[in-house]
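For reference, the structures are reproduced in the following blocks.
First chain A sits with chain B, and in the next complex the same chain sits with chain C.
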Partner chain A sequence: MGLGFSLVAVLTLVLIALGGVGGANLQYLFGVIIPYAAIATFIVGFTLKVLGWAKVPVPFRIPTTSGQMKSFPWINHDKFDNPDTTGQVVGRMLLEVLLFRSLFRNTKTELRDGPRLAYGSDKWLWLAGLAFHWSFLVIVLRHLRFFFADVPVLVQAIEGLDGFLQVGAPLLYITDVVIISAVTYLFIRRVIIPQVRYISLPADYFPLFLILGIAITGVLMRYFIRIHVVGIKELAMGLVTLKPVVPEGIGVLFYIHMFIVSTLRMYFPFSKLMHMGGVFLSPTRNLANNNRRQRHENPWNYDVKVHTYEAYEDEFREKMKESGLPVEKE
Partner chain B sequence: MKLYDGGKIITGLVIFVGLMLSPFILGMAKPGEKPDPKTDTPEIQEMEEKDRKCVEPKEFMRTSHMVFIDSWRDQALRDGDRVYENSEGKEIDISLQNTCMKCHSNKKKFCDECHNYMAVKPYCWDCHIVPEEKEGGV
Partner chain C sequence: MGTPKPEELIQKIDLTPQWPGWMDTPTEIKPGNFCWGAKAKDLDGIGFPNPREWNPGEEDWKLPENWKEIVIEGLRERLEKYRTLKVFMDICVRCGACADKCHFFLGSGDPKNMPVLRAELLRSIYRREFTTAGKILGKFAGARELTMDVFKEMWYYFFQCTECRRCSVFCPFGIDTAEITIIGRELLNLLGCNIAWITGPVNNCYHKGNHLGLEPHAIMSSLEYMIDDIEEYTGVKVEPTFNRKGAEILFITPSGDLFADPGTFTCMGYLLMFHELGLDYTWSTYASEGGNFGFFTTNEMAKRLNYKMYAEAKRLGVKWIIGGECGHMWRVLNQYMDTWNGPADFLEVPVSPITGTRFDNAKQLKMIHAVEFTADLIKNNKLKLDPSRNDHLTVTYHDSCNTARGMGFMDEPRYVINSVCNNFFDMPENTIREQTFCCGSGSGLNASENMDLRMKGGLPRANAVKYVNEKHGVNLLANICAIDRAALTSSMDYWVPGVAVAGVHELVANAMVFKGQGKRTVDLRGEDIPGMEEEEEAEEAAESIAVQEPQEEAAGAAGEEGSE
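Moving on to the complex of A and B:
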């Protein structure tokens, strides 16, 4: 159900842009107004979501980790699985954000004859996930050439490396091949593994199809149905200098691409895609496991009125002495 | 509004928003100029009005010249066939130096104008000799 619904939703988006620009000539709406609305929604929505998370107290260091915590000097401490200092936490976060370390531990479970439950290593999800995320990052960075009058050297270097195979003209980008393969794999995996399919919702399929749609329209524009690329940079520069222009003769395919990208940006803060910000705020990842060395006070504790033994004795000392009870202070 | 670890989170958010807005900030500081490739070389101006056109229509060349030239390269160098029949049925000599650059003798004001704007570095001139500038050169 979720699959069909999401596919129809994305195809409808394509048709809206096709009709809006190809039929009704709403270039200004699809090229300027919607992109501005999308970037505003993205930034404001993202910020509010993170601030909302920041309001949630974290009462305790969550020690569910998969390595030996710092203990006696003669017991090996697993620094990145069970960090003790901020530096080690930074190490764990970097490994998590850049290499998806916890996904590397992904296992598959099978019920075999017997019946017997079997577990095995399953690195394909990690590999496809990593390939997809890194290519997406490279692709986003490559697109910066549309937004800077002097394209930064770093962006040019990334582009040079990406096109380094020198296949065809315009040069084939490695990341274009990788992202489409990886997203396709992630989609097929979701559909053919029964357990994964069972828990898949429209919220899982929809972003997958959006991203696939973005990649396909991008690839079509570069390699197959070419568009007026200089016009697109003029449009992009108009947007970032706040003097929007809509040059003539940009193909409708560009507006479809832009519309799906805008949808993704607007959808972002309200969806599971917020794991982009969320990974940095995961208590199981970003806190040092130092519960035994440092006192962490529960932030929602109210003030408890206590009556210590010391105060009790002060209050009743004379009476205690009279009845022969021992006291700590004379 | 009480934030927990507010300092770190706000720092992260400021970096995020800064990165997202950096094209706007830098774009406002340096908007750049849109390219204006020139087709007014002496060779083109000497031509008669009716001959003053590229081997294929302008719209096609604007979006697809790279694919077109690449296919010329393959046809001439890999198949050894240097004759191209264009969409009007005219036979044309396949040659970057002798056909393309004969009219467009202003590489800097024609090729480089858009290529620099788009930060594209085609590797034509790895093999071909960069032609002398004739019109509007540096």
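Moving on to the complex of A and C:
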């Protein structure tokens, strides 16, 4: 259900762009208005969401400790899996965000005869996730070349690295291959691993298809179908300088690409893709495990009804005296 | 009813979920998998809503008219109070990394026991009530209406989670299904839908000071039994004090240790060790509970119970506190206590009177773990130990979920065990330390009516014990948790018969050589220690490893003879 629904939704997006530009000549709508609306939605939506989270207090400091805590000097402290200082927390977060530390632990459990539960290391999800996210980032950075009159050195360097295989004309970018393979893998595992398939929602397939659509149209434009690159750069420069122009002859494929990208941007703040921001705010990861050493305040801490010692003694005074226990009041 | 045999239980496990999807699969509340509902008198005793007699197995749960509104409003309030909840509701990508990490899923194959789905039970309501997409797209956005069946489903599965946090270790965003269960249970509590096994102890603890409801004289007589046993088995007469003002240290341990084997043996271990050290400490009958079942009801109730520790420390004028071996107790102490009821400025930074070690890592809480205390003693050579007294034991160690993942207390207990035992083998790495498996009965689920569920949840832990039992001949499962001591005993009897369960301080006391001690040939259980009875010059031989070696050879030779 989820799968079919999402696939149809993405194909419909393609058709809308195709019809809108190819049929109805709505270049200005698809090249200027929608991209502007999308980027605005993305920025405002993303910010509001993050602020919304940040506004909610963190009453308790409850990191999930994933290693030995700081203890005696003669016991080895697992600094980045059980941080004790802010610096170590930063280390833990960097490992998490840049290298997906937690996913790296992933195992696959099987129930064999015996019975015996067997745990195999399962790094494919980690590898595919890492490959996907890093290539996505590199591709986004590469696209910056469209928004600068002179391509920044950094972007040139990234392009150089990305194309280091030196094959094909135009030069093949490794990230293009990697992102398509990784997203395909993530899709396939979602379908074939029974447990993952069982938990999947349309909201899980939809972004995968969107990203696949973006990657495929991008690859088509770069390697297979001639498009008017100078025109695209003109359009992009117009957008960033707030003097939008729509050059002739860009080709409908570009508008399709742009439209799916815009959809992704608009969809982003309302979806699970917000894990991009959320990972930084997760209280089980971004706090130090040092409560016994340093006070943590709960902003909404309030007084509660308690059972005092006096009430306890009042109830048990006689029994306490009989057993020879000291009492406050005779 | 009766719990099925291990072979039968195993056969039913299928880790492949069957279609239709989970939203279309109604939940059946199965006997053996749920606990009796909270009793009216207990709910009443602690001022919880909707006290009444009810049975979760029956159709009518006797909820107020506006139950749905209460749940939704409760959820709204908590979304504004807990960033964890808010963020965890929004960012799960359903990658499935947590799916096969839960002991209840591995032992039951019930897909709603996959952590991600447990969370989705609540998340689907959140989407429906608090997100635009959920309101408009409904099921396509993973949203669903909160109906009575859905409410019951949440109840059923939030009481099939032991809040162990294993899932959280593997989640790329640290989503902690335990936290969702904790808050989910708060919502259930708004309608008086907790379980009897939790609210009973909570009511007891609130009024009488401990989960078991032991009144002051009963606590003392429990300890007196132990004192007699200790004298009989060791010749040492220990003299603990109670509610004594001016003691240096207050000692608080879970009340389970006062009551049933093998927890009592752990308790005897503390008594002996503290006595031998001449520690100036006191027990309290008012703060006579280390554990906190309130933590399995609401944050507020947990705080109300926890209040007694500092209050009693203040009243008695002690300098600092030692806490006994318990799992969830230490999660609560480490991550909540000071925030709730601190700062305890009237206490001092703990300093061991024996070694002089200053526990700066606990300088805010002013409370240290008994095993921490003992590890420091051993490191400083302050305990006279003869580990060969535990030579008949081959030991492995179960990390409690809470001390592992809510604290990171992992090497201290291993250090102590290795100092008092000669034969120690860890279980496979995917089943220990931060990846440790729950005993299957944590978070208040150690009742008897849900034994099927407990044994299913106990399978992954038991299976790892079985592995070292077969490979290394492990016959003792050590731990630092009162619930473990009870629960693992049942689980071992069921899955790996022949493996005993013991707290770490029982092993410590068994290995100790007391001042002026006579020949000691039995352990704290009153059982003969194999090898000890033949020893000629017990005291001298026991202290010297050099003397031990020929004995081992002799034992080896005897073994060979036997096999011929």
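Heads up, the rule we're going with is that the second predicted complex is superposed on the first by the 298 of 330 C-alpha atoms of A that agree within 3 Å, B and C clash if a C-alpha of one lies under 4 Å from a C-alpha of the other, contacts with A are read in each partner's own complex, and residues count from 1 in each chain.
FYI, contacts are C-beta pairs under 8 Å (C-beta built on N, C-alpha and C of every residue); 3 or more make two chains touch, one makes a residue touch a chain.
As the structure is a computational prediction, the values presented were derived from the model and not from experiment.
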Greater residue coverage of chain A in the superposed arrangement, chain B or chain C: C
First (chain B), second (chain C), both or neither touched by A:81: second
Which superposed partner A:285 touches (first chain B, second chain C, both, neither): second
Which superposed partner A:312 touches (first chain B, second chain C, both, neither): second
Chain B versus chain C as contact partner of A:37, first or second or both or neither: neither
Touching partner for A:196 - first (chain B), second (chain C), both, neither: second
Which of chain B and chain C A:57 touches, first, second, both or neither: both
Chain C-contacting residues of chain A that also contact chain B: 53, 56-58, 281
Chain A to chain B touching residues, read off their complex: 39, 42-43, 46-47, 50-51, 53-58, 144-145, 147-151, 155-156, 159-160, 166, 168-170, 226-230, 233-234, 237, 240-243, 249, 251, 277, 280-281, 299
In the complex, chain B residues that touch chain A: 1-6, 9, 12-13, 16-17, 20-21, 23-24, 26-28, 30-35, 59, 62-64, 66-67, 69-70, 114, 117-123
Parts of chain A lying in touch with chain C, wherever the complex brings them together: 1-2, 5, 49, 52-53, 56-62, 64-72, 74-76, 78, 81-82, 96, 100, 102-103, 105-111, 115-117, 119, 125, 129, 193-196, 198-204, 270, 272, 274-275, 278-279, 281-285, 289-298, 300-301, 304-309, 312-313, 315-316, 319-320, 322-323, 325-326
For the chain C and chain A complex, residues of the former touching the latter: 10, 13, 15-17, 19, 21-22, 47, 79-84, 86-88, 90-97, 99-101, 106, 111, 114, 116-117, 120, 131-133, 140-142, 165, 168-176, 179, 206-209, 215-217, 220, 242-245, 285-286, 299-300, 303-304, 307-308, 311-312, 315, 333-336, 338-340, 342-343, 357, 360-365, 367, 372, 375-376, 379, 404-412, 415, 428, 430-431, 433-435, 459-460, 463-464, 467
